[in-house]
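Pasting the structures in now, so scroll down.
Across the two complexes that follow, chain A remains constant while its partner is chain B and subsequently chain C.
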Partner chain A sequence: MSALASPRTMLTLLVVGLLATFPLWGSAYFVGRVFSPALFLGIAALSLAFLAGYGGMISLAQMTIFGLAGYGYGVLTVTHGQPWWVGVIGGLAAATLAAFLFGLVAVRTRGIYFLMITLALGMVVYALANQNRSIFGGHTGILGIRAPEVSGHLLTERALFYELCLAVALASYLGVRYLLRTPFGLTLQAVRDNPRRLAALGYHVALHRLAAFTFAGFLAACGGLLGVWYNGAISPTTIDVTRLINVLVMAVIGGLASVEGAFLGALAFVLVTNFASSFTERFNTVIGLTFLAIVLFSPEGLSGLVARPVELLRRQSRARQRARDELDELSVQQAIGHQDE
Partner chain B sequence: MTWTQFITVTLNGLTLAALYFLVAVGFTLIFGLMRVVNLAHGSLYLFGGYVGWAAAERSGNWILGAVTAAAVAAVTGLALQQALLRPIQGQDLREALVTIGVSIVAADLMLAQWGGFTYGFSPPRSISGGARLPVLDIGYPKYRLFLLAFAVFVGLALWLLLTRTRLGITIRAAIDDRDMVSAVGINVQRLFALMFAFGAGLAGLAGVIGGSAFSIASGEDARYLLASLIVVIIGGMGSLPGTAVASLLVALVEQYSLALFPTYAAIVSFLLMVVVLALRPQGLFGRPA
Partner chain C sequence: MVTVQATPAQAIGHALELQGVSRRFGGLWAVEDVSLSLAPGERRAIIGPNGAGKTTLFNLIAGDLRPTSGTIRFYGDDITRLPPHERIRLGIARTYQTPLVFPRLSVLDNLYLAARGVRPWRMSLRRPRASDPEIVRARQLAEQVELGHAIHALAGALAHGQQRQLELGMTLASNPRLLLLDEPAAGLSPAERELLTGLLLGLDSAMTILLVEHDMDVAFRVARQVTVMHEGRVIAQGTPGEVSADEVVQQVYLGVRHG
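Here is the complex of A and B:
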């Protein structure tokens, strides 16, 4: 088992171990109010990072899909009094179907058009949720949503909910990492880089993008269910334009193309909103300025900030190594030269 | 729907279309020329509205308020373009992200300055109050008719500018081929700055014009950004006639569906967008990218 001994694997195991045991040694506030929301928001950010980084699609509708899963669960369990598992299946199905429909509309466009269309779709759904009383409950939304109860434990009990979020987040993360290594994932990245060539090779470009968008929608929906359990209610504010953009902010803070960064970005975002709000009312300004600074100065986000020095060090040590090799070679040549004399 | 109701809803649709046109035309022209999607366009609308309200309130002069709004918004837009967008010119996604960041900060700062209150304007007496429409024989607010006439005037003026003047020809040439225009010795950067300031100024002016028909409050920025987005997605990015036609289409459809089935009106705008995109992904008047 030499793979186990590699520093990377050790580090991963350490991080997962620390995260899994966090409720045992972490403060209740951090477990319940910081890490749990960071994990389920991170799943939404992950779905965006996956689309943006590997599919070349910056979608601003991820939070809409996140919210639609919550609406689906709320409508089924509260309005129609169905058991929780019907709500879970129905919520996931409704949100994934919505993602599929959004995808049908948007995947034929690229780049900036894709961003605009997904933003418009998200804002239209917000307007609908705000206007419509019969299904969406209008401006108030749906209140009194209860999380599932499994063998006497409500899933929103602090430690239990945290572990659930962690499990779903890990599964989504591993799912994305796995998917990117499958032929589908590789084709998707090729589509991102050169759609025309892929089309010429006989691949159905739009279908690949649609499949990726639907998959990302499913991920966002999983996060959305956790989110609605956490909040116990859902209203149009959950999917308003600020929230749609917040997911983008998280993904950008973490590094738009980085799947690990999505969670890092969500954590940073939750920390900033929680702590900045205690000393300034203008925490949205703080967030906006951070976002601007990252977009302008460090497009790879926080992970870029970490990765850049590491890369620099590596390059330096490589250069030093090369210099040493050259020196060695030189001395060898000199030695040979001496011998010749 | 009775005949009178039908006429009123139609007139409401037409005047709303006029406002959508005023807001969206700057958005689409900026995109057409510079490939910049300015997602802070709604913020400029709202900012213009607030500043115009403050100026009109201080001076007691509505026209002065409107002029101030246009000037301040134009300068703000110019500063945004020169300071933040010019260094990353040509990277369209990054430019869009920067304007998103600006819109977040702007929304928050405007909320801090003007709070969550609703502000109303009082336009000059000559264009306020009601009017009796001659042939249709129904009453309708004069101001709304003014709004309609003003938008038609702006549309015609822009059309004449773009088709009949040297500046307009340069702009249209730059929309088609920036590099060539630059190569024949025209200062494209100055053209960009001018267009950005103009589009921003128009958004600010629309803030006062539209705010006088409805009102100004926080959250309006998102509403008019959405309107601009849908109008240019349907009309085709960068097209003046496309913006006019799409404004009419979007506003009329919105008003009719609000009158007929109020709680599902948003779905109709959605369907409109879907149908257009399915048939012509580049919008009604857009050219294939």
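Here is the complex of A and C:
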């Protein structure tokens, strides 16, 4: 195990190092148009993977919450002329509160009903945003949204924005990884596995699901702020049904029960959309085919594909260890045999 | 306070006492006028052919079902109308016919959650340390149900018998005063049965155990008193020897009827 742990740490350091220095050696297009959106969309996908893979709740409302953070920021900074930090706090608070309220409605249902209720909630918010002019700006939405300016630098400057996305994504990733090992996270996985048994042990199942849904909402809201800065505007299109489903596609492509997978899935999605749309108008078909191929050939998604060689290596080293143990045993037996003679 | 002299049995009090308990499903009396009492620390088996009402009786005691009539007392308290989770808090724990464990969590995590369920701060965001009392308790439970070697295995990857052992460990986490075991030996291999019987015999002698069991061998070895049910009623009660010698019981089990 220890022999494998160190290459793993090395690999992690290498990946983080490469990602952090990417603006220095990567192309401007990849830094600005591929990796940055993949990171903030990945955060939204992560919030879904966390709910679906570890809590058994497939939520279609994650992009709605993502969008509401953007609306909150836009309304406060553009419509009401508030400073950026008021927009950040207000946007995060509004979206997290919305997640809490959605959760109140949804957490008592399971499976397909949970999915349908979150979809319905998303559609309600979409219709509201599309028709309400006074707050949401109707069909046009809110334009001219400016990212915060810190010591003379707009946070949307290409390299700066990339590093910001990377920092928030890393924090979300580590936060979720940590959370899953706490009593709260373990309980959540137990909710997924067997809610009846958990209730029989004296746990309040609905409360746990609500807390998890609210936390996931906060994650999606963090991604949503980055998203609205990137786009400089927000409109109902950001939260229409296609977008709600896109994030599910990202999470499934990456591997639903995988924290890393959410980002892999988002990256694959952004790549396919960008490149397929440059040579064909039917890029949705390409995405659909990619999705099909992955679900058919690697049900654990891209993260499953990546994990496979690692698992193979581990199995080999285990087999070697076993062979060594057997050899040891054999020589012990031989030694005993010699004694008998 | 009571002027009437209490008999010794009443002075000790019953751990569990059922008086005229019945449960009807539509026109069918699944359990009909059953009265039985268990002394603290008693090990009692309920046996009977399929459809005798054993599992229904169990659900009535655990609170998963409410009786149509009759009363159920636990150490003197009337628990007839209490919901299941309040009965758990009083110290009644049960296992199910199919083991209910969390398949995608490790053995240790399963036991840890069970140990933690009965304490406050269930939503804690602090990672558990090896020295935490619940982790220590979980390891201890794993040893007790002979899963000490497999604490990091996923519960879903365990053999059926091991899942039963795990479920027993999870049930013991709350230190129950009354343990209800619903067919603990069902589907087990002879070797697994032997191991489970050993575990049950090794439990704290102060714990009252009521088990429903098809397997006579397990039932008669664990229990000193046996209650035989047939078509919702109690038809015989006594030691394993008395019950197996009982004519009515033999007729029920062999399907012989008076002609």
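Quick note on the criterion: the second predicted complex is superposed on the first by the 298 of 341 C-alpha atoms of A that agree within 3 Å, B and C clash if a C-alpha of one lies under 4 Å from a C-alpha of the other, contacts with A are read in each partner's own complex, and residues count from 1 in each chain.
We take it that a contact is a pair of C-beta atoms (placed from the backbone, for glycine too) under 8 Å apart; a residue touches a chain by one contact, two chains touch by 3 or more.
Because the structure is a prediction, the values reported are computed rather than measured.
Steric overlap between chain B and chain C is absent once the structures are superposed on chain A; the two fit side by side. Of the two partner chains placed by the overlay, neither chain B nor chain C lies in contact with A:Asn274. When the two structures are aligned on the shared chain, A:Gln82 is found in touch with neither chain B nor chain C. Contacts of A:Leu115 after superposition: chain B is touched, whereas chain C is not reached. Residue contacts after overlaying the shared chain place A:Gly288 against chain B, while chain C stays out of touching range. Vertex at chain A: the C-alpha centres of chain B and chain C lie 80° apart in angle, rounded to steps of 10. In the superposition on chain A, contact of A:Asn231 is made with neither chain B nor chain C. For chain A, the partner that touches more of its residues is B, with chain B and chain C as the two candidates. After the two structures are overlaid on chain A, the closest C-alpha atoms of chain B and chain C sit 16 Å apart. The contact sets of chain A with chain B and with chain C never meet. Listed in rising order, the residues of chain C touching chain A in the complex are 84-85, 88-89, 94, 100-105, 109-110, 112-114, 116-118, 121-128, 170, 173-174.
Interface of chain B with chain A (complex): residues 35, 37, 39, 84, 87-88, 92-94, 96-98, 100-105, 107-109, 112, 222, 225-226, 229-230, 232-233, 237, 262-267, 269-270, 273-274, 277-278, 281, 289. Interface of chain A with chain C (complex): residues 178-179, 181-184, 186-187, 189-190, 192-194, 196-204, 207-208, 211. Of all residues in chain A, those touching chain B in their complex are 58, 105, 108-113, 115-117, 119-121, 123-125, 127-128, 131-134, 240-242, 245, 248-249, 252, 281-282, 284-285, 287-289, 291-292, 295-296, 299.
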